[in-house]
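Order of writing sets the labels: A, B, C and D. Residues in every chain begin at 1.
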Amino acid sequence: MASLLLSCLTTTPELAGVFSDESVLEAMLAFEAALARAEARLGVIPLSAADAIAKAAREQQFDAAGIAREAFAHATPAVPLVRMLRERAGGFAHHGATSQDLCDTAMVLLLRRARPILGGYQRGLSDGLRRLADAHAGTAMLARTLLQPAPPVTFGLKAAHWYSAVQASWRRFDARFDEALLLQFGGASGTLGSLGEQALAVREALAAELGLPNPPAPWHTRRDRIAAIVCSGAIYTGVLGKVARDIALLMQPEIGEAAEPGGASSSLPYKRNPAGCVVTLSAAARMPGLAAAFLNSMVQEHERAAGGWQAEWPIVAEAVQSIGAAIAAMGAVVQGLEVNTARMRANLDSSPVASEPLGLAEHFRRRLLEE
Amino acid sequence: MASLLLSCLTTTPELAGVFSDESVLEAMLAFEAALARAEARLGVIPLSAADAIAKAAREQQFDAAGIAREAFAHATPAVPLVRMLRERAGGFAHHGATSQDLCDTAMVLLLRRARPILGGYQRGLSDGLRRLADAHAGTAMLARTLLQPAPPVTFGLKAAHWYSAVQASWRRFDARFDEALLLQFGGASGTLGSLGEQALAVREALAAELGLPNPPAPWHTRRDRIAAIVCSGAIYTGVLGKVARDIALLMQPEIGEAAEPGGASSSLPYKRNPAGCVVTLSAAARMPGLAAAFLNSMVQEHERAAGGWQAEWPIVAEAVQSIGAAIAAMGAVVQGLEVNTARMRANLDSSPVASEPLGLAEHFRRRLLEE
Amino acid sequence: MASLLLSCLTTTPELAGVFSDESVLEAMLAFEAALARAEARLGVIPLSAADAIAKAAREQQFDAAGIAREAFAHATPAVPLVRMLRERAGGFAHHGATSQDLCDTAMVLLLRRARPILGGYQRGLSDGLRRLADAHAGTAMLARTLLQPAPPVTFGLKAAHWYSAVQASWRRFDARFDEALLLQFGGASGTLGSLGEQALAVREALAAELGLPNPPAPWHTRRDRIAAIVCSGAIYTGVLGKVARDIALLMQPEIGEAAEPGGASSSLPYKRNPAGCVVTLSAAARMPGLAAAFLNSMVQEHERAAGGWQAEWPIVAEAVQSIGAAIAAMGAVVQGLEVNTARMRANLDSSPVASEPLGLAEHFRRRLLEE
Amino acid sequence: MASLLLSCLTTTPELAGVFSDESVLEAMLAFEAALARAEARLGVIPLSAADAIAKAAREQQFDAAGIAREAFAHATPAVPLVRMLRERAGGFAHHGATSQDLCDTAMVLLLRRARPILGGYQRGLSDGLRRLADAHAGTAMLARTLLQPAPPVTFGLKAAHWYSAVQASWRRFDARFDEALLLQFGGASGTLGSLGEQALAVREALAAELGLPNPPAPWHTRRDRIAAIVCSGAIYTGVLGKVARDIALLMQPEIGEAAEPGGASSSLPYKRNPAGCVVTLSAAARMPGLAAAFLNSMVQEHERAAGGWQAEWPIVAEAVQSIGAAIAAMGAVVQGLEVNTARMRANLDSSPVASEPLGLAEHFRRRLLEE
């Protein structure tokens, strides 16, 4: 059994739902049902076959554990799933498709489900950062370079920098979904040769059924668009890690300039742990490796890879959940952040830099919020 | 990752069992029960408290999903688990311990459970490779450098190289478990200050209860020994990836010198897919990133890290399962490998290098098997 | 002494020139001279000081080895360079700036110099791929999935897939330069406080002097835009690795469907090594780690990082040179590629899939070239 | 990377010397000269040929830049070097060897030269840590978990933890050199077929000439031993990064419990930058990616890899230099560390945990130093 406990800091309940066995099965069966509907409508397979497939897909009586076990010997869960589906709904299931059509399109459907969840977390975080940036336009504090004091900034400027980086990174990440959420449908060799004259029409109908864009061609060994989701997500997580590190540092009691809400210790009740920052920093520690793992897998042979493609699913699922956990955690931190302006003032006043001017702090703060 | 389908190529049923919620809970509760027994025996807590804790641990009525959900706000599942345990078995549970004592020792117990499973896979693979190396001492074949033909070797030498690398890498990996499987027990600051005069005795008794070595000191932010498991495992997976790549290349029909058993395609029944090689190559694509993720997390602050430590659990669990999947897959490939000596001969004879001598092929083969 | 031999496969002469000590010094001094000019024009420093700085910068009598040695103790080469410059040209040098302004802007200037070189390589590669895709629209060949034969495609389709992925990945990579090539100028805390009323004007004048966009604010600890260059470059290198792997596989004599020009072996004169593919595959093996290294470094503290920022320079320099080496190598491979259409035909005819139709191969080929 | 400025934080002068072009050439020519001597002594080549080769090697009139340029087209610098050597010293040069024999043995010779330099840095660091651990056995200070205060430890215990981790990690790293520093000599296919009856004797004589162990067989595609150097070095760098992070955090003026010597800022003369910690933390940020890059390259095809092997040289050179820079930097930090025991006391006294006992701090400190 896969473990909720081991992944408790690397997902959220909503995203865990998207990447659950139930949801993965649903996405895989959605592909098969849509393919059958499209092919039946065009007369490629009988309507009765499509009905049987739709019924089997709807009832979802598929055993994820059994499929997973059998998948190992075939290096893909598509083989056992298609076999089971054909046992129940007849041999027209999966007609003209290949395993990768099924798995890639299912992954795309899961990413489409994850996207608005991520977007919801993002709005919470972004609103919170903007409020901090506005509320503290006039709150002077020490800058810190190499963890040493430097001439003053404002906390509003600091928050505006966070906001600006978060917004830009989110937009970069989110834009990659538009490019990558595409139908995968090419059959055994990526030419749909077995569908004959109807190939193009089936492809278009299937895209319409699933509400997915129909790309110029299959992308069985062209993975740059998925890679761009993972990498831009890793960049975004790095940006979140910076915010989390800053806040965890400000929370040190000797500094005491900010505190996140909540965060009890199991043994020391007086402690105020930076729990949300910790979740985010742990995501930032893991994401570079996930990005590297995906990038490693990009050297995919000929028309279907021997190893590279098969490495992708768990990487993508874990990356998207980790990013989501980090956004959600930082959203909660930022929305409840307690800012101790008195300590900011006191720390600044006790420093040799206290008298230096704020320079363009307010100018830059405003410019960053306009972006 | 809590999906069997998404992780179907990255674990085995036995290892998935070790890293299941049930098993994780069992390991965590084993720590708490052993701690209570040790403390009760030394009079640190009442015997009745230890009994209540043991009973609660035995009954295992803990809701993994609930703990996981609550864990997020505390950046550790230890807080909700301890809370629930105290609700059932009283406030003496977890006495003197800190969250990391619980989580790290549980991880160590899981690794101890995984080790013989990995060892079993290893024996299968190792025996298979040795047999190939012995059976084909006299089977001449083309060497291939940069994927181009080179003067002949024997398939026995090739298999002996695989064997030797696999054995050495396994020994390096396995030896890291001896160094790393240690009790973690240090309390809030790693000094067991709250246990007073009894601290040393509790520590020793707890180690004895769990059958774990009692290291010189707690290792809350000293992670090199766990890192060495992950990295040596990644090296071993790289070695397995090399074997898998070689076999997948030999299986190309134009070369046709070997074939793994099984491996049907969903759309092309005449194909013989290198499914076991693919599972292994996908592990080899992912492991470098997992190693990087663990290494990233090693910069752990002071007496307990804010982010680095919390990143470790899912990395270790995923790494060990991926390695296991790779060993098991290659074991099956090697044990059932069909070697086409006629094609080896024919490919060699049709090459300009056919007449070159075998040189030290047999000498090296024997030396490699002696190691 | 840094080594040309150790990096002989990871750069090109043109790019090695861009990232040479001479060029780095020139970029650093260009920043200082431009700053002095801007400040002198605005009356912030005397004109004579700017002249002295410009003269010192022009003469370039700076000892890279000495600066490098001294840099270690300061964790930046900016400190010794500025000290030397002030010794020669007086204390107005570097007025109002911080080390990171100097180093980051120098990096941006180097990237600006590298960009058209990369673009030149890209055009060569892209033209070559397009020609292959056009010339072989009708050249049927085996598809290969999991390195096993699959129904036919055309070599034109295969080349069109390469072309399309290369073009899209280049555009994604190149677009990141537009976003990231920005002036860095913020002074000690990112507020330009020491420049008083003239801060904004100096900033604008400096941007104009250097011909760099003036971003809304300094980006001392906002590294997502540089990260996006490295990551999109890693993605592009992965795409190139796929092309290289395909060609190296086609070059196996048992398959013999393509051959790159040149590539002698030191010991086996009859061999035709896939040397350009090897250079590219070695870049594809290294780039994921470089991307991970950059991503790791993104968690940068407060107003200037203690470690993360300082890790960037060698990563960026190595990444850009590796990408360039890969594009240049594949350009040469593709432009000189010998395609053996007879072997393609023969391999196809001897396969059980020979009679299957080409399906949408031509349709997809044309669509991919239109993108 | 051929720029001293770009690599100024990632090496030391001694290590830069080891990995300079001059040193690389010297190592490559040492292999060729030793091979010629061994073969001449056994009558495989004429003595006069060996003398000519030795003379050419001694005079070292080889143009590194020219070799590097030509190397690109061959995917190895061995081809142009051997060609030049043969032009000067005749065709018996490199007799029976392959490019990889030359390059791998040269890498091994460079690593052998680097090892005592690393060991020297290590002794300095280790001695410094031991002194801190002994001097501060009784210096109570706050523990800090998740960057929040926790019951007291001693600074001696903290330093003993650093010492123990550093020692164990160094031993693990150093032991890998014993395993990996081996002669590489196998000829075109790893069988030394072209040397006939004399193959074994030449191999032994060459090993003796170079003072390198003669392993059971060539290791052209068996890279686990080199991987283990890189990975154990990455682990060690992670351990050093932890020490550096701790010290950088203690140096925050609001905490003020320690300070490294030196470290001026270019713009803020009153600052005390953690420059040595920064160098170390930047190495710790880069090393996980270098380890991942090496691990990626391990899937090496058949008897010589097409890409994986060729990726190794720059990774190994950069990794070893980065590790050395980190050890050297931390050695200087630790040996000059100023410990502010009054601030430790004051920070502790102002915390709610002040009255808690030190527990086993002294016991653990002593145990850690005994290891």
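Heads up, the rule we're going with is that contacts are C-beta pairs under 8 Å (C-beta built on N, C-alpha and C of every residue); 3 or more make two chains touch, one makes a residue touch a chain.
As the structure is a computational prediction, the values presented were derived from the model and not from experiment.
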(request) Report the chain whose mean Cα position is at the greatest distance from that of chain B. (result) C
(request) Name the chain pair with more contacting C-beta pairs, choosing from B-C and C-D. (result) C-D
(request) Pick same or different for copies chain A and chain D, depending on whether their interface residues overlap by over half. (result) same
(message) For chain C versus chain D, what separation do you get between their C-alpha means, in angstrom?
(response) 27
(message) Based only on mean CA positions, could you tell me how far chain B sits from chain C in angstrom?
(response) 37
(request) Send over the residues of chain C in touch with two or more other chains. (result) 75, 98, 144-147, 150-151, 187-188, 194, 241, 244, 248-249, 265, 268, 273-274, 278, 281, 284, 287-289, 291-293, 296, 306
(request) May I ask you to sort the chain touch graph into line, ring, star, complete or other? (result) complete
(request) Spell out the part of chain A that touches chain C in their complex, as residue ranges. (result) 75, 98, 143-147, 150-153, 157-158, 160-161, 164-165, 168-169, 172, 187-196, 199-200, 203, 216-218, 221-225, 227-228, 231-232, 234-236, 238-239, 241-242, 244-246, 249, 281, 284, 287-289, 291-293, 295-296, 298-306, 356-361, 363-365, 367-368, 370-371
(message) Help me check something: in the complex, which residues belonging to chain D touch chain A?
(response) 144-151, 248-249, 251-255, 265, 268, 270-274, 278, 288-289, 292, 296, 347, 351-353
(request) Could you please specify the touching residues of chain C with respect to chain D in the complex? (result) 1-13, 16, 19-21, 24-25, 64-65, 67-69, 71-79, 82, 94, 97-99, 187-188, 194, 241, 244, 248, 262-268, 273-294, 296-297, 306-308, 310-311, 313-315, 317-318, 321, 325, 329
